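Shared between the two complexes below is subunit A, which pairs with subunit B and subunit C, respectively.
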Partner chain A sequence: MTFKDLPGNLIRLLISMLIAAVALMPIVWGLLSSFKTPQDILRTVPQWLPNTFTWQNYASIFKAGTGGYIFNSVLVSGGTVAVCLALGSIAGYGLARFEFAGKRAVTVAIIAVMSIPVASLLIPTYTMMAEAGLVNTRTGLILVYSAYQLPIVIWIMATYYQTLPEELEWSALIDGYTRTQTLTKIVLPLAKPALIAATLFVLTFAWNDFVVAVTLLSSDTVRTLPIGIYNFLGFYGREWGPLLAASMVSIVPLVALFVVLQRFFVAGMTGGGVKG
Partner chain B sequence: MTDRPDTGASIQFSGIRKRYGSTVALDELHLDIEPGEFVSLLGPSGSGKSTTLNILAGLLAPDAGTVFIGGRDVTHLSPNKRDIAMVFQNYALYPHMSVAENLAFPLQAPGRKLGSDAIAAKVSQVAETLGISQLLQRQPREISGGQQQRVALGRAMVRDPKVFLLDEPLSNLDARLRLRMRRDLKALHQRLRSTIVYVTHDQSEAMSLSDRVAIYMGGKLQQFAPPLEIYRHPVNLFVAQFMGEREMNTLVGQVETTERGCVMVSGSLRLPLEDTATWNRLHGRQVIMGIRAEGVQIATSEEQQSTPAKVRLVEHAGAEQVFFAEAGSTEFCGRVPADAGLRAGDAIQLRLLPHELFLFDAATGLALVQSGQPVGNPA
Partner chain C sequence: MIEGSRSAYKYLWPALALEASFVFAPLVLSIYYSLHKVRYFELGAVVWLGNYLDVLSHPVFLNSLLVTLAFSLTALFFTFVTGFGLALFLNRDGPGNVLLRTVVLIPYVIAMLVGSMLLKWLFSADAGLIAMANAYFRLSIPTILADPTYAMAALVANAIWRDSAFAMIMLMAGLKSISPSLIAAARIDGANQWMIFRRIILPLLKPAMLITMVRLLLHFANVLTFPLILTGGGPNNATDTVALRIFRVGFEDYDLGRANAMAILLCIFNVCAVMLLLAAFRKRKAT
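Let's turn to the complex of A and B:
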């Protein structure tokens, strides 16, 4: 950076900071307010920092059963990620490396279904799950989430595989390994950025989803965290403290994961995108 | 080929054909490689040499024909069952493994039941042979191109395969390193005596390394013979042009027989030819004459048959000078010792050495005269 660029860079920095501030403000406000007493939250001249710092809101949401919701969310999100990666990494490999009849049709279909909004699929999905007896089960939710997210996972994986030199796989084949062993020993370790990117994609969807979960789940024991948060509105009326605390419990793990993995996430997206 | 302790396997291609869509990549390839032989597949890109190698490795399936390795039909065997090793142009080192892990990888393959001690011993032995022992703990991206090349070779050597396939292994190295690796490869082959199939588009590599060279063009094998044989007796104009450091000097024309002997007539140029007997019978035929730079010399005395020419350009090449001289409208490239002191603009008398003359049919390109000898009439 030369001195001549300084004004331009300063302006760019200021604009970035402004955008970041606008995006982060509600979250920071929520985080700070989740440690406030009810009186502090509703103060007519709003204050950023709590007058008295309290864990009371967090204590009350866990007393109300949020632990169970978190467990369900972890189970469903983890299950969805497992199913999507297991199937997507293999299907993507097939698309990237093999010629077969109808390959073009399959590719087009995978891209096409990615553009269908989830909401328009709710009713048919519900009917199907009802017929299969999977309504109101976590297994059902995992299957539905996986069906929604699998196309994007296949796509991320396939485009990333195509950027890997095929000679590596040939070399392993000649060295005495089968296709499957080549996949597990060479291809998948090298596709780690794409696997992480796909994980974050799927996880974000499964962890945050409200509309599919609320449609398919009815009993309290299988509910996921987003529904749990929504229910606080009903349980506590205008009590914002527990609601904000529950929101933070939902946001923080994902944000933390993104911060830790964002390096790979960017690599995965660009690495797959250049040639795709 | 029976007097030396060969450990390699023989290779046969029988009637191999391969198409990609409408382009013919290989057309009826028949090729027999002896055990322990070093064979180069030479040709321009898209000539079918890499297709041949990939079919041999099992990475490509031929449309028709059979491949044998060591007398065994391997046409439908997968690469891991062929007992071959291959070095790729980009080396294909596994980027997520250290050099030692790369070298050990082929030995850890299922079906090769080696203990970890045996593997470690073998890895360090190979590393020592190639002088890469100090690199074992490094990652492939942390070592130089030449070192990566050695690791790739080591990974191929480590399980003592019967057949080595090398796909342009030296083309990513700089010129000097390439020469050194060429020498090392040759020494390695003399020691291992494995069969080596070497793909290259560099005729000097093929010439210096191989026992025999297979020259390809347009999916067809043109000639399969020892390097010198190909150099001296190319079957057609393409082979003659491709083999050799520089392109042959060529001129299109006719041989005419006069009372004073034979002349090659090309436009306004009339080149007197010695050895009338060789040329007589080609009288009147449309031909392409070829002569390599070493056959174009400067006449020293008046009695030699010579052609006046003017020097256009002189290149210095160490021990010799390469000159380009114009005679009529044709440019000839020739060589003289460095101390000849030739300069651009000099008027000279060109002499074409009779035993360096080649003649090809203008229509088919087939050789009529090789190294001054009529085809089908060996000296």
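Let's turn to the complex of A and C:
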């Protein structure tokens, strides 16, 4: 850094700090406030740090059943990831390695479903799930989540397979491997970065989703964490401490995962294209 | 390729079956429902386009259309501009920039529900921030979420806060695809920073910009969590978007005929936007 650059660098630093402050302020303040007593939270002159540090907000939400909500969220997220990876890694292979009648239509359908926002499907899906008796079940939620996330998984996988040298598969086929063996023993181990990217993308969606779950789930035993939080919003009203604590329980594991594996997240956002 | 169409579908059919059951079948059923009178799941008489006409002539729905239009376009403008600024500012791969990109992405990665709730808390009178700002800067901001204009601004702020990072990532991917040698060549020819931006970067970035805009527009036109959590559609329906209206008619009034009609209308808009998106993709492939 030369002296001439100093003003420019200072301005850059200031802008950077401003950006970080705007992005993080609501979250950091929520985190700090989740350790405050109710009186501290509602102080008319707000302060950053808790006067007396307390876990009471967290104790209160776990007493209200948050453990069960976390269990449901883990179950549903895990199930969705399993279904998406199983079906997506296979379908992606078909799309990447074969020329077939209707390939264009399939591709267009994948991009279309990838781009259609979930909200416009809520009422139709609810209508159908009610007819099929899948409302208010974790299985139903896993199936719907999978249907919404599968196209992006197929896309990520197919794009990645196309970057792998096909000669490897040919030699495996010549050595007597079946197509299935080639896929499981040669291709999938090489596609690990794409599998990680797909896992993270699906996991984030399933862990975070609120709108699908709020329409499909109603009984307390099947509620996922976001629905639990939403119910707290009605239950605790203006008592912000437990609400902030529940929010932190939802976002802290995700943010940790994201910070460690950031480069894989970006792949899903831009629609495929993982670098190995 | 050695094998023919039949073996390709061996790989594809499980995925296609899942999509058919949980995306396409609901849409078909939805159209069927939208043509009937429905009360609490009781499929009544066929009314053909009755629900549609009913919805389209209802002042509350028309209001929600205007609200959605105002919200989507304002949010699109500010989110896009902010995201573009961030992309240009953080484009170079230094350790500082990588860190800041991570920070900016955090509001995007966390649950929308939680993000909107945190903002609701900040904007509420309970947090005390507004009172403090008023006292400190001698402003007279009212209770934000109780004032129609400020509530809409809060909704847009929610969108910018969360989704600028998405625009940034999309546009940065576009910027990365521009060959550095082009820019180096222009510099040798004596072009300054502005000319490079105006004459090389902007034209080459057009497909990425179009894709980003359409995806943001789709997201904003359909988003339910922001208004449901942050403003609840109020005050006085000032932030009552179409997505929220559908949710209320469907899951609070259980009028599935009208709700499905509205959902189909929204879907038609979405399909148009997606077609635009596909055209943009094709253009990008071509260049």
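Here, the second predicted complex is superposed on the first by the 246 of 276 C-alpha atoms of A that agree within 3 Å, B and C clash if a C-alpha of one lies under 4 Å from a C-alpha of the other, contacts with A are read in each partner's own complex, and residues count from 1 in each chain.
Please note the rule applied: contacts are C-beta pairs under 8 Å (C-beta built on N, C-alpha and C of every residue); 3 or more make two chains touch, one makes a residue touch a chain.
Every value quoted in this text rests on a predicted model; they were computed, and no experiment measured them.
On the shared subunit subunit A, the superposed partners subunit B and subunit C are arranged side by side without overlap.
With subunit A as the corner point and C-alpha centres for all three chains, the angle toward subunit B and subunit C works out to 100 degrees, nearest 10. Note on subunit A: of its two partners subunit C and subunit B, the one contacting more of its residues is C.
In the superposed pair of complexes, A:Asp175 makes contact with subunit B only, with no contact to subunit C. Contacts of A:Leu190 after superposition on the shared chain: subunit B is touched, whereas subunit C is not.
In the superposition on chain A, contact of A:Phe258 is made with subunit C only, not with subunit B. Of the two partner chains placed around the shared chain by superposition, neither subunit B nor subunit C is touched by A:Ala82.
Of the two partner chains placed around the shared chain by superposition, subunit C is the only one that A:Thr127 touches, whereas subunit B remains out of contact. The gap separating subunit B from subunit C in the superposed three-chain model is 5 Å, by closest C-alpha atoms. The contact surfaces that subunit B and subunit C form on subunit A in the two complexes do not overlap at any residue. Across the interface of their complex, subunit B is touched by residues 165, 167-168, 170-178, 181, 186, 189-190 of subunit A. Interface of subunit B with subunit A (complex): residues 57-59, 78-80, 82, 84-86, 88-90, 92, 94-96, 105-106, 109-112, 155, 159. Residues 15-16, 19-20, 22-27, 29-30, 41-46, 83, 87-88, 90-91, 93-95, 97-103, 106, 108-109, 111-113, 115-131, 143-144, 146-148, 150-151, 154, 179, 204, 207-211, 215, 226, 229-230, 233, 238, 240, 243-244, 247, 250-251, 254-255, 258-259, 262, 265-266, 269-270, 273 of subunit A touch subunit C in their complex. Here subunit C touches subunit A in the complex through residues 1, 3-5, 7-12, 14-16, 18-19, 21-23, 25-27, 29-30, 33, 41, 86, 89, 96, 100-107, 109-115, 117-119, 121-122, 124, 126-129, 131-132, 161, 165-166, 169-170, 173, 215, 218-219, 221-225, 229, 243, 246-247, 250-251, 256, 259-260, 262-263, 266-267, 270-271, 273-274, 277-278, 281, going by the rule given at the top.
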